[in-house]
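Note that the chains are named A, B, C, D, E and F in the order they appear, and that numbering of residues resets to 1 at the start of each chain.
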């Protein structure tokens, strides 16, 4: 553990429709693997997103990062893209990628990582429901 | 307040896609009134449902109602109909009724009321998100 | 609705073991009605208790009731009796009364009602789990 | 219970400093009654506010009230006045009124009631902490 | 941090009675160390269990692991053993092991680890109450 | 991951007023950087604190650490200092240190670390609001 480093968390949320499906598979196999999540006409979730940034505290401000700036970045890169959208039909990112919680977390990581100063380390936690959630990347 | 009566609550949840739209209106008016919720390709929610039943305690069991029976009733009447569905496309109830939280709560009330013993009084609370929710009917 | 009245809520919790059983019934009937809750050696819960008091604001303090006094009353009358206890074996109240959530709520109401100034109205909400809870008494 | 009426809830929050004190009392009596809440230099809370509106569903929209409009009204009347403020020093409303949770709820009720269409009934729930909260007005 | 690895979380719960006691100690020492948790007739909890699995995403499904399979495994190995049971009297695992949250977490880890494909890494978080919880194993 | 080590968490809370300000800066720069958090007369929060301790289980007790002892330590070192206080005016620790969530977490870490047996590793999580929180130190 690095006693100089701190992590800051910012929680946001978005609502979206999605459907799990692998177009390379038969209808039967998709139903067998994805069950109700394969429903033709989509279903949806309230996604809770926790963006985690680590680094060293700026001694002038006492901040790791200004959470207003981080929150604005999340809005621009993630919420504007995915909130109140159909992930399969309305987004470039999931046109050819199955929108599982795992894949959504990786996509969000890549979107924020591209805009976040390289002195920060980044981790994404995404709740698809209160009982099913993912974290990416993981150190263990 | 009737000191002989008690209320029992059972919480369940379901995930669904929906879209708010009034077909009698123009595209512009629908966008103006329903905003992002009018998105053509739907969006979705994790709906938290609290079914509230009131009446008098059965002295033999100490129960108002067996929550296993109530939970099974909710599964049959509500979850099997709406969970992992597109409310607009996959259900009879919302083919011609706008699936707002208000209307979903009234529909759920009617579905359960029809199957619940008339000695019980019924109320529905439905969370569309943590910050937006409804209760039906209301005594005030 | 009485525009002069306000309700104040105080949340407390206690942990207890219990078993649901009707001694007038056969073993088979108890198993059939109470299922896993009839387990011979007990099971247990973290009970969340919300004590709700209504009345008129005292203009001198701006309080309905001093929550320190209400909290102390709950500790004396409820937590000291039931916290970290076996409701069936360690308490007078449930020696001959089935400790369902309904009956526990009524018992807690009676215990607090006996000590609460009569100018206040009282209501009890008790969570047995996050998904199963009761409120007593109820006005509908 | 009026089967035609529904309640809609909107949750918002604000952060504020405050101090409980009755200027008509001695220092000693204020310390005795208000304890730590009487601290000279203030303390503070994250206030969670739930605005509850009841009435009949508009058949054209399926809404009781457009939650965007309700949320904007709360921001203008409540959050802009109280968020990140010292209630005792920075607001007109609590210059001569003790900012207990009870009094804050009544003040918020009056602020929103003055701007809300009279066809709606209004109720306020205010959480000072997760364990201490109030609701105004109350029908019991 | 390994940028190829992701963690998936599945939350379940069970209710159980238990008692903390070391049979090698005197009654007095047990009371002194375990306090109310040493109550002869047991007390109980709603245990919230979060099973955390890490590894690499399967590119065919977009899943790390099918949560239906993980949930079934938790039910078979953990819930069927401990839900609505007295941990001290009704289970093999805690006949000779003190059922502290720490020991319960280690036992659950071992039960799931034995059935989980070795390509996955496993961690257990167990909430005994909202305010007391444990995680095992830990990397720091 | 060290399969012999476990983490135990204890959640506490305190309420405090604070103001973010860098006295070396102009009024304008403080307003620009800290925004509403720079309000002259302070604002406040309900801080949720999770103290995380890791180490090896004591085989005699089945505890990592007696949570009663840990809770008492947190009360003495943290709650008695900061609860119902103005962090800027009433405490030594923040007389010359900006009371951001980051700095408060570091101060709490140092206060508890000084009193905690060196065989334990320590981490602090501090929620300023439900959506903004920090953890210190961090291993990534």
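The rule is short, and it goes like this: a contact is a pair of C-beta atoms (placed from the backbone, for glycine too) under 8 Å apart; a residue touches a chain by one contact, two chains touch by 3 or more.
If you're wondering where the values come from, they're calculated on a predicted model, not measured in any experiment.
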(message) Show me the overlap between the contact partners of subunit B and those of subunit C.
(response) D
(request) Going by C-alpha centroids, which chain is farthest from subunit A? Tell me that one. (result) C
(message) Using only Cα atoms to place each chain's centre, name the chain farthest from subunit E.
(response) D
(request) Indicate whether more than half of the residue numbers at the subunit C-subunit D interface occur in both copies; give same if so and different if not. (result) different
(message) Centroid of subunit E to centroid of subunit F, CA atoms only: how many Å?
(response) 28
(message) Based only on mean CA positions, could you tell me how far subunit B sits from subunit F in angstrom?
(response) 41
(message) So the centre of each chain is just the mean of its C-alpha atoms; given that, what is the distance between subunit C and subunit F in Å?
(response) 34
(message) Please output the residue numbers of subunit A that touch at least 2 other chains, ranges allowed.
(response) 1, 121, 123, 130, 139-140
(message) Which pairs of chains touch each other in this structure?
(response) A-B, A-E, A-F, B-C, B-D, C-D, C-E, D-F, E-F
(request) State the interface residues of subunit D toward subunit B in the complex, per the touch definition above. (result) 1-12, 54, 57, 60-64, 66-68, 121, 123, 139-140
(message) Applying the document's contact rule, which stretches of subunit C touch subunit E when the two form their complex?
(response) 13, 15-18, 36-37, 39, 41-46, 83-86, 89-90, 129-130
(request) Please name which positions on subunit B make contact with subunit D in the complex. (result) 1, 20, 22, 24, 33, 35, 97-103, 105-106, 121, 123, 130-140
